[in-house]
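For clarity, chains are labelled A, B, C, D, E and F in written order, and residue numbers in each chain start from 1.
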């Protein structure tokens, strides 16, 4: 039995509130149960130095937890003077995941930064970040197209992410914090609409798993991402 | 005429949504018009090293802007590796302001940290932070008292803060961003319920002002803080 | 009674020794009693990036305490790897205060940096810094004008600063360290010759104060700055 | 055809030179073709603060590239003042991978640090690091057991790691640098002797892959790790 | 001919003003011509962690240049966030040099920090720092002995330092800035009263030198340090 | 008697393995007994900003110890976020020493960086670094000349370095770690083929020394460097 009483293949409720902040070109507050992440897309008419002259754009991600998003207060990374390895790892993952569904040539010489700030954490903050970042990106690109700044849509597909794990011997979908703290294995899947995989990060914790275990987690992830893709389309007028 | 059409002594609408996050001992989302700040109070049963053995507690503040709280995206302080002088100045002000209404002896050997994270900025983020931090602190202290961890209320009064300024020659209350960018003088007042001053920070920008100008700004601040004190009581069951 | 035996409206002796170092375009060692600050003005024919192409100059301030300027040795900020919030706050105040009396258009595309290094501290280091920085600035501008590099004087007035406070219930002028450590309220005023205010920073410590208290401190500050303006003119050939 | 002329399921030559440095409790220089990593295991009779009093030990990893391990010189992280996100990600992976085969209770209250310094890079440095770190760990534990400092062997299995990828449409084993730069997908597998998975990190680059693709890469990884396990036993007296 | 007109073995005028700041246990402003360094000795009743329980004390040095001590303004190390290699090298030299004449056992479990802050630079700042630091140390130890906190004098000798160099082919004593910038070789000697050497740091710049050259510089240094030793005794009541 | 049984003027065995890494333009692993340093020379067609437009090149050095090069593991400077004073001092020495034998005009507008990474330490790592860096530099310059990128040889001589010290009252050559930890004086000499001195750094530790002592150490250094010069020529086809 899961602590939340959910079935093994049951997601938490997903809600996506678009236009959560007024300055960003695209924004949403995405919730997976009690996990809440503010995702904003900022369009800047500049590109990183190493891309100059290639006629391409760039998509990147940043991630942070507010200090009291968690059960006990964490110290502020800006006060400590550096970002943790965990933060950097998640930022790199967000960026790679979104770039997997963007044609950077079509984007043109501009950069879109996806800021994912966790307001409240209850497990799965990185996967909620990716799923919400796609919505913010979609909205920002929509506004560039509406303004005539982009002729062709550079977004090639949807991208969503979900965590799965082996909890007390059973593969389960969408781990919340009590499950995550106690799971035998923990896997994050970044999937692309249409059945492709962008990224798999699967880690044994305590126990290990085999090929069969990996496949069962992947199949749960497919179920979860179908729900995410639908929720994304619901709010972006898909 | 003010860009917003407000009268010189007219505040923006204040809303305070308590219990905005579930982990913090006290929290609220406070809005002054389009300025929105998430304030959380975190209680920790530890004190700074220099207070040990004095039988007193501590109240401190931290402040941050989300990168896209503003018109154009600002770089993340955690990524730059240090907090700006502005951030540190505001953090110190939040801590001093709240300590002005707390009896640290009565608080006992514990620390309450007030995190003020600006979700959206439209002028007056530091004053909204202080006003919202008082609400978060009040709620956290209430829960300590309800749990029997505190016998006597350590909060001695309310504290609120508001900015005033001289805009096109006229003293006005509660500057929004368009006014703030173009004001001749800018003053932040931290006032205590009952008519006392905790802090005045008044700066000439371009033009200067005299004793009479300072007094007119102070009187506007008194009007503004009366409204803030009322809004605080409305949500804390005053 | 004040620890020093001074009357409530009595300043400490002010001395200003100009030309204290030979390389700076302007320099002085300013003393307010036992508080001694070395102020230098450095002229550089470059401006910050965000000012380029505007035909304006810039005036900025930096501040530091030598490690053993104080009763007990403080650690060196360069060794700790960052400037404290207090240092940054003071630096920003010095810069704003001096810019309040400089016409940046007339200064032309050059930067003047005012370095204020505290040799010995006994209260009031930031206000001594501002008062001495004006002298260093005046001397540096004089030499630019003498060399024909400036046609018109960009300095529009004198600026001086002084701290006042409420000590054992009495408003007093020019707090020294024993008073400062034990004051109920502490206010720094930056005033401009001719009766205008550039900046007020008034903080309650322990006790609070009201409008009447603020006015009494402001009037003491006016007395103090009259003395500072006179001392500045005495050494700059006013 | 692979640039090196290898068959799709053909590894590069693996060599492991044990005892490469004299001070470390365990050390080896591991080569996967032209990729060469110095792995040392350092035993310290202390544990991280958060483990105190639990009667457990800790195993952790650190990773660095020498500046000229690569085709063009990279700047030194110590000179830049921080470790890159990539470095931190790899360090965390090394630590997790080794802990997957160590019983921390049996290790007792001591820490073993696995330093992996890349002397020369030609693709697959993180997987060579993990594979070599196991050898260094095995040797260090052997010497603790020989000295009577450990009664029971805390190492529960072997761990090895290998990269696989899809290169010009074909799944291939053990990517070298020319392949890695041009692969459609890149996956790092950390496997445990006996058929279990410790970690999968699979990323689409440009193209994406599906369930079938992931399985084919995993099967190649199994082939590769069999070879690694054998090479490890050859030098540790298996 | 030297730019200053001095003879090859002629020092600049040395002045030492003791008691320059009132808080430090020992202090002086030392001048070698236009080079002026404020040296303070701070006594603290604590020792570095690695000395605990050994019954010994510690003597250490810190060094800084005020930003406008030099011809053109240098950026402040505290603002840059780190001390330069040059600064650290000089700090280490000051500490070693003073420890060469202190019996750390006799000093007891306390630390004396010698802060050397360059007010004005004209060549030879590190050697003036060492020479002045000895005076500050002597005065601080005198006051510890007068207060009965030290029974036996831990200072075993005097230490002084001077730079010499080969300027336009001629060995000269006490280089000033114009000579230093243009010397073929530059050597700093730290000598101990009674004819011993504490430290030699001799560097070829452009040209190199041989054994004979090194000896000629050492002999000039002996002449210089005799003068320094005498000036130190003059102000410390030798 | 020396711990190693060597005669006072006897060096440890020197071995130099060239071409140790394949990417660097020049490289070697140099051993002085158990001290082993990997030296690489990296040629870059760029120069530091302050050299632009002068038609000259630059030669610089960097230095690091692998964490477990030593008896007990040292923390990684990249993890601590800064290089120690010792590291920076050695880096500066390496750069100066190599520049003493390079005609920067003839080198042309390019930079050669000499990375010295200590694989295993047993005393004398800085002097082994300099001696090995010359070999790496020689090989890199040879390849530039072979490729026709350099017409004239910019290397004017050989440079080698060796430590000497006074051990239990006797001057000895090439200190190993047990001697270095227990020496009365420690001196590093950087000598140039043909009998010139590039740098002397001689420090008293515990005891001091006099002119005669310094000369005896210098004469030992000459013996040592003759051996180094010969070993360098043996591997560079001198």
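Just so it is clear, contacts are C-beta pairs under 8 Å (C-beta built on N, C-alpha and C of every residue); 3 or more make two chains touch, one makes a residue touch a chain.
Small disclaimer: the values here were computed from a predicted structure and weren't measured.
Asker: By the touch rule set out at the top, what is the minimum number of steps from chain C to chain D?
Answerer: Minimum step count, chain C to chain D: 3.
Asker: Superimpose the Cα atoms of chain B on the matching ones in chain D and note the rotation angle, 0 to 180, in steps of 5 degrees.
Answerer: Chain B sits rotated relative to chain D by 120 degrees.
Asker: Among the chains, which one keeps its Cα centre farthest from the Cα centre of chain E?
Answerer: It is A.
Asker: Taking the mean of the C-alpha atoms as each chain's centre, how many Å separate chain B from chain F?
Answerer: 59
Asker: In whole angstrom, what separates the CA-based centres of chain E and chain F?
Answerer: So the centroids are 28 Å from each other.
Asker: Taking each chain's centre as the mean position of its Cα atoms, how many Å separate chain D from chain F?
Answerer: Roughly 33 Å, centre to centre.
Asker: From the mean C-alpha coordinate of chain C to that of chain F, what's the distance rounded to whole Å?
Answerer: Roughly 51 Å separates the two chain centres.
Asker: What are the residue numbers in chain A that touch two or more other chains?
Answerer: 81-82
Asker: Under the touch definition up top, go round the ring from chain A by way of chain D and list the chains.
Answerer: One full turn from chain A through chain D gives A, D, F, E, C, B.
Asker: Can you list the residues on chain C that touch chain E in the complex?
Answerer: The touching residues are 21-24, 27, 34, 38, 40, 42, 44, 62, 64, 66-73, 76-79, 81-83, 87, 113, 115, 117, 119-121.
Asker: If we count contacts the way the header does, which residues on chain A are in touch with chain D in the complex?
Answerer: For chain A paired with chain D, touching residues are 82, 84-86, 88-89, 91-92, 96, 100, 187, 192, 195-204, 208-211, 213-215, 218.
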